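See the structures that follow.
Same chain, two partners: chain A is paired with chain B first, then with chain C.
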Partner chain A sequence: MIAYLLTIVLLLLIAPLLPSFIKALKMRLLFKKPASIWQGYRNFAKLMHKETIVSEEASAITRVAPFLVLSPLLVILFFLPPVVHGAYYVSFVDAFTITGLIALSTFFLMLLGLDSASAFGGMGSSREAFIAALVEPAMVLTIFSVSMMAGDLGVGQAGVNLAAHFPKEHMASFLFAAISFFILLIAENGRIPVDNPETHLELTMVHEAMILDITGIYLAIIETASSVKFVIFASLFASLFLPFGLDYSAPVAIGVFMLKLFAIAAAVALIEVNTAKLRLFKVPNLLGIAIVFAFLSLITFYVLGA
Partner chain B sequence: MFQFDTLSMVFTALIVLGSIPNLFYSQGYLPHIERKAHYLLHYFTFIASMIGVVVAANALSFLLFWELMSLTSWQLILTEAKSKKTINAARFYFFMTHFGFVFLLLFFLIVTNGDLEMGFSAMHGVASAFAYPTLLFFFLVLGFLSKAGAVPLHVWLPYAHPEAPSPVSALMSGVMLKVAIYGMFRFLFDVLYPWPLEWGVLILVIGSLSALIGVLYALSEHDIKALLANHSIENIGIILIGFGMGMIFDSMHLKVLSSFAFIAAIFHTFNHMSFKSLLFMGAGSVLHQTHTKNIEKYGGLIKRMPVTALTFLLASVSISALPPTNGFLSEWMIFQSMLGSSHLDNTSLKLAIPFAVFALAMTGGLAIACFVKAYGITFLGLHRSTNAKHAHEVNFLMRTGMLLMAAVVISLMLFTPWYIGQFDAALVGLGHTSVYARLFPEGIWQLHSAGMHGGVVSPLILLGALLGVTALLMFGYKALRVKERIHRTWSCGYRTGARTQYSATGFAGPIRRFFGWLYKPDEHFHKESIAGHGSKFSDSHYEVHVKPLFETTLYDSVGKAANFMSYWVYRLSHFEQTRYAAMIFNLMLTVLFSYRIFAHEFSWATLLLEGTVMIISIKVLIIGEKR
Partner chain C sequence: MGVDFLIGLFLATLITALFTSRLYRLIMWYSLNSLMLGILALLIGQELGDTAMLITGVATILIKAIGIPYLLKYLSQKFHFVRQIQPEVKVHYAIILIPAILVFTFYLAEPITHMIHGNANYVAVSISSLFLSLLLMMEHKNVAPKIIGFLSMENALFLLGITATDGMPMLVELGIFFDLLMAIVVINLLFHKEEVKS
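So, the complex of A and B:
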């Protein structure tokens, strides 16, 4: 139980660190002077002290939605697979619930974008809706395929099963599912090539456009939500597709898990440095690849058993 | 004459739950209806006839109430028959519903052996003795699914539902479509029981197509009630996916999974009744205040109509299948039953069902997009028309109706185990295995999937957790006592105006462009450019219309074919009475011969003989000598 709670707290604590780490790594790779990796915390502290400015066209939705964007993601943190062998975990929550909770958070974020009557907010919501609609099927199929290999539909249980018995005999479908899930990780978190989180041009924004009119603590909450979302995806990837290192003693196991998270963040940074952002209407091609890999994974599992 | 088994009672409960809030809403709406007596008479007969259909115990009373239901709803569409559009929509509905009725009548004529007062269970013997059970199945599918609005018999919904008064659209979409689902349950279970595998696959395919096509056309729709009508097509599709999975599992002898899928289908039927009625009521209130169905003329209504906005939000979250709502629970069950397909020992089915999973997941994603559009454009932002600016909350009775319906939605969310227990009892009454104990092995807190290693969801814990965390966050925010300032929206230094916000057309733009091959949109773009510049213009106008593909291909071409044939008949007959008589004679001969070939044992010799007779008769009597 202690390890369970400790993991949740730790995940929350390092949530702002990972995006800053990606940014710092990217800047270093581009031979720029890197921003501090603590920048995420500094931003958070700064925003906490600011007053909130609410748009005069905004309704009650603007005052409620930020909390509803964050709370489903916080609930998901409790359902993640364990990082230490023998730790307590919630075994029963399945992937649809997690996908649904993420969609709930996105739903309110999109409403938030439309609430301030700004053209940019609507633009961001519209694009996010388009991308989210295509992410959903790939996500469900990928998770279906992984749960077949793990032998259980519950995410927590699947993580434990995969750690106990790595599916060597299903390596092909496992790899396909991993590729698909990694593309989804990029798409859902709005990283290049789907969306550029550091863009300064409103016309190319997706996620940032929705929150242009949000300030102060509300912005801090939304920023936290997006970093928590990254942590959720990264730790799902770490537990389901890199299921090793749980058997060590608790501090070492948690250390290994954190290393895995940073390795995933580094991979995302490398992809960001090496690719350009896709045009919005090219994004479906990328997501189409994810969908095709998810299908391939299922089909190889059923037909070849590999 | 009547029967009151559990299935009938479950569907009676559905009708009652759907009607009681509607009565209040309808009372509040009544002052705006001119022909009050006409409206009330048909309204109450409509509700009574729906109850009559689900408790009818023989073919005669079933058909009587069915027809009464169709006719009263047809008259209700015509309540406010001011425009040509309404009359055309009602005529189309009348035609489609009777198209279905013909097949139901044929079905009953065959399975009752002409004795229409026979009970349903007695029909089973006649049906199993009949040589072509698949034909009976097709009669049922055509008869009921033309009412339920499944692809390709769905085209009437987006016309008929918007034209009816709002309480009636809520009843038609929320309740009447479900009566057709009742028909599927009743007659597939009682009359045609051992189903071949192909039937289930057919229903699954129809369901997947309806779900996707419904939501795609909903996205491109600007008329809020037509948008909701298209969503009814989608949800009927989802119900049919559950139904089809149940049939597939049953024919593969996986009884537990089959019951699970059927329960999911009934549960989704209930959920769709609740949130779709609520959405139609909300749309009706908005329409009532703004006097337009065009979604582009709304905006900012949440400030003027808080009760409508709140209930509409609840229904939107529920129909988008987001946790922890009831819509999520039933879609979760349908998903879980589809994942149970890994237990099938038929590889091609195992490979095919993920495509249905894909369709359902895609539908979910697009439904979220569509309801963000519907809710955001209607209730958020700035008002886009004067009517929207001066709108105010609807009267007490209408609000009561909406709140009561919201209570039904919430009760379906909170008392899921109890409802599922009733659905389970209904299925046991139809001779299926009980799965209640498998779904709730550890009490009411956790809903388990019936499959092996299935998932688990705990609606109440989820709801509690979400509410708790949100409350904690909001409490923390309050405790911080943050200063709040109200200021203009930033829009690059310009003033924010109603016309600079995103429109519904713009919101659905990326999706419309991506699915352009399906929509084939009819776009009109006109701009007055200044001094020949491509990018500078003083005035511009953009319009886009999407005509459903099925209508342009299937229905219009049937119309063309009918035209062509009538022209051909006219050419042959030359207005001569004898030739008309000869044609009728030949038609009767064809019917008699084909009945003989089809209903009795088939033989090539008779076919040849009768074919020759037909050809000679046509040549001699109709075509005659060459002129």
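So, the complex of A and C:
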């Protein structure tokens, strides 16, 4: 139980660090002077002190929505697979619950974008809806295929099973599922081939367009929510597709897990440096590739058993 | 475990190659595809204790993963090829078509897998990659991607050779390499023709 709670607190603490780490690594790779990796915390502290101004046109939704964006994600943190062998975990929560909670959070984010009645907000919301709708089927297919390899529909239980019996005989379908999930990780978190988190250029914004009108504590909450979302996806990837290192003693196991999170962040940073942002109408192609790989994983598992 | 993983990477690189629309990127995917094949040959050769297969594995890596991609890139630079190669089959259709091909070939290979002991499902993967390379040849109009499709088809046959049989005679494989070199010479002629046409 202590390891369970400790992991959740650590994940929350590490959440602002990962996007800053990606940014610093990217700047280093582009031979720029890198930003500090503590920038996420600094931004948070700065936004907490700022005055909160809400648009006159905005209704009560703007005051409520940031909390409703963050809270489903915080709930998911409690359902993640365990990091340490023998730690407490929630076994009955399946992939559909987690996808649904993420969709709930996205729904309130889209409402927030629409509520301030600016042109950008609506545009960002429509784009986010477009991407989220395409992510859903691939996500369900992927996690379903992994659950079959693990022999349990519950995400926590699947993580435990995979760590206990790594599916050596199903390496091929495991690999396809991992590729598919990595594409989804990039798409859902608005990293570069899908959305550029750094610019405020009107043609490319998705996530930034929705939160353009809010400041202060609300903005701090939304930024935290997006970094928590990255942590959720990264730790799902780490526990479902890199299920090793759970057997060590608790501090070492948690350390290994954190290393895995940083490795995933580094992979995302490398992809961001190497690719250009896709046109919005080409995003379905990328997600289509994710769907192909997810389906391939299922069919390889079913027919070939490989 | 390692062999399964490499087979997965082999198929994954081929499928990604089907979606690319840039020539150099396509050549890179082909090179990675051949690299996976070479490592696979090395692994299986080590398992069987077959020296000939180890030699063919090294030859595959040297010729197909490094030599041919380099040569193709050099030729396409020399003849100023079109580097934007948009697939004729649109991605929306490819998303349906590729899983359909995979399902079809996986079931097609099923009767064969009963005849072979051991690595039965590799036959299915190699046959499906054969069909996918055929799709790669079909979906492009330019010569260069068609050639890469042809070379990937050769890769698929090579995979069938090393997994279905317990090691082909080395003479056959060397013969295939010479065939490939002949093909490259023919390709060179084709490139000349394409240049004259444009």
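What we mean here is this: the second predicted complex is superposed on the first by the 306 of 306 C-alpha atoms of A that agree within 3 Å, B and C clash if a C-alpha of one lies under 4 Å from a C-alpha of the other, contacts with A are read in each partner's own complex, and residues count from 1 in each chain.
Heads up, the rule we're going with is that contacts are C-beta pairs under 8 Å (C-beta built on N, C-alpha and C of every residue); 3 or more make two chains touch, one makes a residue touch a chain.
All figures in this text were calculated on a predicted structure; none of them were measured in a lab.
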(request) Sticking to the clash and touch definitions up top, decide whether chain B and chain C on chain A clash or fit. (result) fit
(request) Return first, second, both or neither, reflecting whether A:S125 touches chain B, chain C, both chains, or no partner chain. (result) first
(request) Identify the partner contact of A:S116: answer first if only chain B is touched, second if only chain C is, both if each is, neither if none is. (result) first
(request) Applying the touch criterion given at the start, work out whether A:E223 contacts chain B, chain C, both or neither, answering first, second, both or neither. (result) neither
(request) Applying the touch criterion given at the start, work out whether A:A133 contacts chain B, chain C, both or neither, answering first, second, both or neither. (result) first
(message) For A:V303, using the defined touch cut-off, is the partner it touches chain B, chain C, both, or neither? Pick first, second, both or neither.
(response) both
(message) On the A-aligned overlay, A:G151 touches which partner chain: chain B = first, chain C = second, or both, or neither?
(response) first
(request) Check whether A:E208 is in contact with chain B, with chain C, with both or with neither, and answer first, second, both or neither. (result) neither
(message) Contacts for A:I291 in the overlay, against chain B (first) and chain C (second): which applies, first, second, both or neither?
(response) both
(message) In the overlaid three-chain picture, which partner chain does A:H170 touch, first (chain B) or second (chain C), both, or neither?
(response) second
(message) With the two complexes overlaid on chain A, check the angle at chain A between chain B and chain C, Cα centres, nearest 10°.
(response) 90
(message) Nearest approach of chain B to chain C by C-alpha atoms in the superposition, in Å, rounded to an integer.
(response) 8
(request) Share the list of chain A residues that count as touching for chain B in one structure and for chain C in the other. (result) 284, 291, 295, 299, 303
(message) Per the contact definition, I'd like the list of chain B residues that touch chain A in the complex.
(response) 299-300, 302-303, 306, 317, 320-323, 328, 332, 335-336, 339, 342, 347, 350-351, 354, 357-358, 361-362, 364-366, 368-369, 371-373, 375-377, 379-382, 446, 449, 453-458, 462, 465-466, 469-470, 473-474, 477, 480, 482-492, 496, 498, 500-502, 506-511, 513-514
(request) Can you check the complex and tell me which residues of chain C touch chain A? (result) 1-2, 4-5, 7-9, 11-12, 15-16, 19, 91-92, 94-95, 98-99, 102-103, 106-107, 110, 121, 124-125
(request) Quick one: which bits of chain A touch chain B in the complex? Just the residue numbers, please. (result) 48, 51-61, 64, 67-68, 70-72, 74-75, 78, 92-97, 100-101, 103-104, 106-107, 110-111, 113-123, 125-127, 129-130, 132-137, 139-141, 144, 147-148, 151-154, 202, 212-213, 216-217, 221, 280-281, 284, 291, 295, 298-299, 302-303
(request) Would you pull the chain A residues touching chain C in the complex into a rising list? (result) 168-176, 179, 284-285, 288-289, 291-293, 295-296, 299-300, 303-306
